[in-house]
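I am attaching a structure below and will ask some questions about it afterwards.
Labels run A, B, C, D and E following the written order; every chain starts at residue 1.
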């Protein structure tokens, strides 16, 4: 099963290479993400599959906007891009010469590949210990919220910096669009009506993922991205840019600080050791849920800000 | 305890950004940085007795992440603290302070994190943080080509971190851990041939981040970027590149029981050093001269670290510190000079010593340091490197130092003379900038005079300097200084080849090809050696 | 159990066929249709997988899959419909092809 | 169920193949947007490699109370890979913003043209 | 009893799969967009519905089935919606 899917995966990665037209690349990319997430799922990691499936929506949208902008501007600058015919010899040279490097590299890689032995030292430790150490049911969530919460904090920090970077590097300094400006996205009564039904389900499901992250697959990141996807729906329904983006950024920073504080008190200082034994379980679960909510909200805020920046400001 | 050295700068950064205190921020920054140096110094003295270990979360065994500060890490962290203090003093009046202090503080926290962490995946996350931060800082003022430079830097670094991650995956599969110390123990019983691939993958990533020979094309763009504040260029050259050299040392240590590609890195280091100063000679932009010189000095450091003897290792380590000091002084003073003269062309700036004596003296001290003049710090580290080296290696070292001298004769010509492009009388260099530059320049002199004591203080090992040998080195320095002056005067100024080299630049695709070539070369070298031994 | 595995393989085979449409399909709308169909197939594969292992929590992945996949498709479709229309009008006005997205 | 050695091996080969396909794409294409796409592809290959560590047919997700180490997937790479994916999204967003700004300025997304036009200005 | 449910479920699943195959046949046979979307979206929705109902029947009355019903509802809303939006967008842009 997994091999069939993986062969598809290789094929999808390969057909992007010679493609020159933007929209096709986006479509191949979307299917590539889809198949990747499916393979992750089949490899026994639904958490990562969910994260990839949710995040691929966002990355696809970013690429769509980027390609669209590029084509429009390129049309202003150089005229029709299709008219520039590249000679066959030049194209062949462009694609064949790199093979001279890649193929030997691949061969070398295969030649020096280490044996397939897998050390399960740490895996066994985690599997046997996580339930009593952390108190979760989902081992993955337990690891990134307790054992390795230090990493997770920096990951949250990357999102904070990314938003600063995006607003600094953009050609437009302002964060919000003036009132009354509408997007030029197509509006259709039936679509709006149906998305209105779907959007609450999405929001509810995102919240469910966040709250239930320590028991079932999912958690802060996946749920947060799902909640952010709700705002894509909202954008498609109301068709206006009325997000208080600045406030959301402030909120995100506050959430980040809170997450750091909770992590410091909960894990770094080892507050669990002071809790009486009969309340330990309660303490552990409430820590996991609280942390999941904080991280979920933080990721949701970051994704909303990124989405609105791209859709409302970068596209101008 | 060690966690807070990383978290507190980051919390302060976000705090400052949230409250939008641009002007108040700088006061907080200076106060905090001073306190930070004190705290780091306290921990530094503690590490002289034994290494400090922090188990985050207190989980049993290796389930959590460990931070540790041993002698080497302590020296680097102390360097970081001092450097950021001086950079903060220098950029006291930075425009757009809110964003600037936010990024600087996060950079500081993440750099300290890289030095302290024992977990390789944590190092990856921190490197990503630093990469994005640096990409923003490179295009801080968003001038001309800075966006292209920033994108080039970011994409190349993001690409190469994938190599690192893949190598880490192999390492995890074989050892079942990502902790450096535990992995070292687990690697002991392994086959050498199995480790070749993870070693090559991770070393390729680190070599790009250190700008070794075929992959240095991003460095001049990033370090010499006209859009970055001067303090940022100084930190980039002085400190940021040391993070990856530190990781290189840790990796070498980890793999050393089975793989030691010392010869490979020695050759690459020497070549990098030579190519670096040749390209530096060709430039006329003062920031670019310094940026190419960073490449050259990194090559020298790599050569020193890879020679394999005790003294050369000490020399390499000490040169890391020295390079931070004099390159910091040079970059900071270059920033002030550019602002005062309004130009970046080295041929138009003249009479620095006369117009701005403070800056001029600091620049002079830093130049004497980098060229290895006696009594300055460069001479100490170069002396250590040459102590146990073979005869050929000695010649190569002298040649490299001659190249450095030649290009710094060009740089030093700014100090004297007279030109039309001199600034108006009213343009003044702010006092705090002069203080910062002078502090670094003076440290070059101080660590030179008290070289032995500094090495003992920083690295906790005892060294001795043979006076006669040191005098001999001094003689060689003066001879090569004179030779360098004449070569500069009669060849470099008129050379057409160098003018052509000035516009040398690599595109993104060529840089990718270079990564592939370097990876293949490393793989082949390390892989073939196993058949000989 | 055999029925479930057989259906799963069937879904994989169908996905391959849809991929042909994605590669060949003359217009962008054919491709988007094929994406949609593949998304449904993938969802069904996940549901079948969860059904084989009898674990209800794996179905969460199917739900998020459905929702996010559809939102992506709808967004692309809505996004490009206006663009296409505008482009056609511009082409008519100026009498030549200005730029082509697909 | 299965010996498992062959499984890990084959998936590993496929991951390496896709990794190098992405690398090939980076070298062979001149379009910056495609370069960003290929960076994402390479990242996916690396993530797939991490997840395939210790894979066996019949392995299930590490969720539940009484788990047996032999029958579940390795939880550590999964936790790390979620981190990697989110970082990847952030970096991609930054990259695309830079690119859009550049394209706005120079009206092109070709590496060579961008380099030429950037050094001119 | 359980076996009867299982057999009924299996039959429904197989029927769904066959419907989907037929839909794919339609998709490949026609070369223009509107016939394609006409055939494939309808048959695909019905096939998906049958298949998932088969799974519900197979599992009986349980939490698992409830979740599948939720998925059925979502797909039932979204699948025709996508077909509608695609055809409408195609028409608007003059396909």
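We adopt the following convention: a residue touches a chain if its C-beta (ideal position, glycine included) is under 8 Å from a C-beta of that chain, and two chains touch if they have at least 3 such contacts.
Please read these numbers as outputs of a predicted model, since none were measured by experiment.
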Supply the minimal count of touching-chain steps required to go from subunit B to subunit E. 2
Shared chain contacts [subunit A and subunit E, defined touch]: C
Could you tell me which two chains share the largest number of C-beta contact pairs? A-D
Most remote chain relative to subunit C, going by C-alpha centroids? B
Could you pull out the chain whose C-alpha mean position is farthest off from that of subunit E? B
Taking the mean of the C-alpha atoms as each chain's centre, how many Å separate subunit A from subunit D? 12
State, to the nearest whole Å, the distance from the C-alpha centre of subunit B to the C-alpha centre of subunit D. 29
Centre-of-Cα separation between subunit C and subunit B, whole angstrom: 49
Compute the distance, rounded to whole Å, between the mean C-alpha positions of subunit A and subunit C. 19
Touching at least 2 other chains, the residues of subunit C are 32, 57-58, 60, 63, 67, 70, 73-74, 78, 80-83
Two or more other chains are touched by the subunit A residues 22, 46, 74, 98, 101-102, 105, 109, 113, 118, 120, 122-123, 126, 148, 151, 155, 158, 161-162, 165, 169, 186, 188, 191, 195, 198, 201, 215-217
By the touch rule stated above, which residues of subunit B touch at least two different other chains? 121, 125, 128, 132, 135, 147, 150, 173, 513, 516
Just spell out which pairs of chains touch, all of them. A-B, A-C, A-D, A-E, B-D, C-D, C-E
Residues on subunit E engaged by subunit A in the complex (per definition of touch): 74, 77-78, 81, 84-85, 88-89, 92
The answer for subunit B against subunit A in the complex is residues 3, 7, 10-11, 14-15, 17-18, 56-65, 99, 102-103, 106, 110, 113, 121-122, 125-126, 128-129, 132-133, 135-136, 139, 142, 147, 150, 170, 173-177, 186, 191, 193-198, 200, 513, 516-517, 519-520, 523-524, 527
Residue numbers of subunit D touching subunit A in their complex, please. 5, 8-14, 16-18, 20-25, 27-31, 33-34, 36-38, 40-41, 44-45, 47-48, 51-55, 59-65, 67-69, 72-83, 85-87, 89-94, 96-101, 103-109
Contact footprint of subunit D on subunit A as seen in their complex: 2-3, 6-7, 9-10, 13-14, 16-17, 20, 22, 25, 29, 32-33, 36, 39-40, 43-48, 51-52, 55, 58-59, 62-63, 65-67, 69-70, 73-74, 76-78, 94-95, 98-99, 101-102, 105-106, 109-110, 113, 116, 118, 120, 122-124, 126-128, 130-131, 137-144, 148, 151-152, 155, 158-159, 161-162, 165-166, 169-171, 215-217, 219, 221, 299, 302, 306, 309-310, 314
List the residues on subunit C that touch subunit D in their complex, please. 53, 55, 57-58
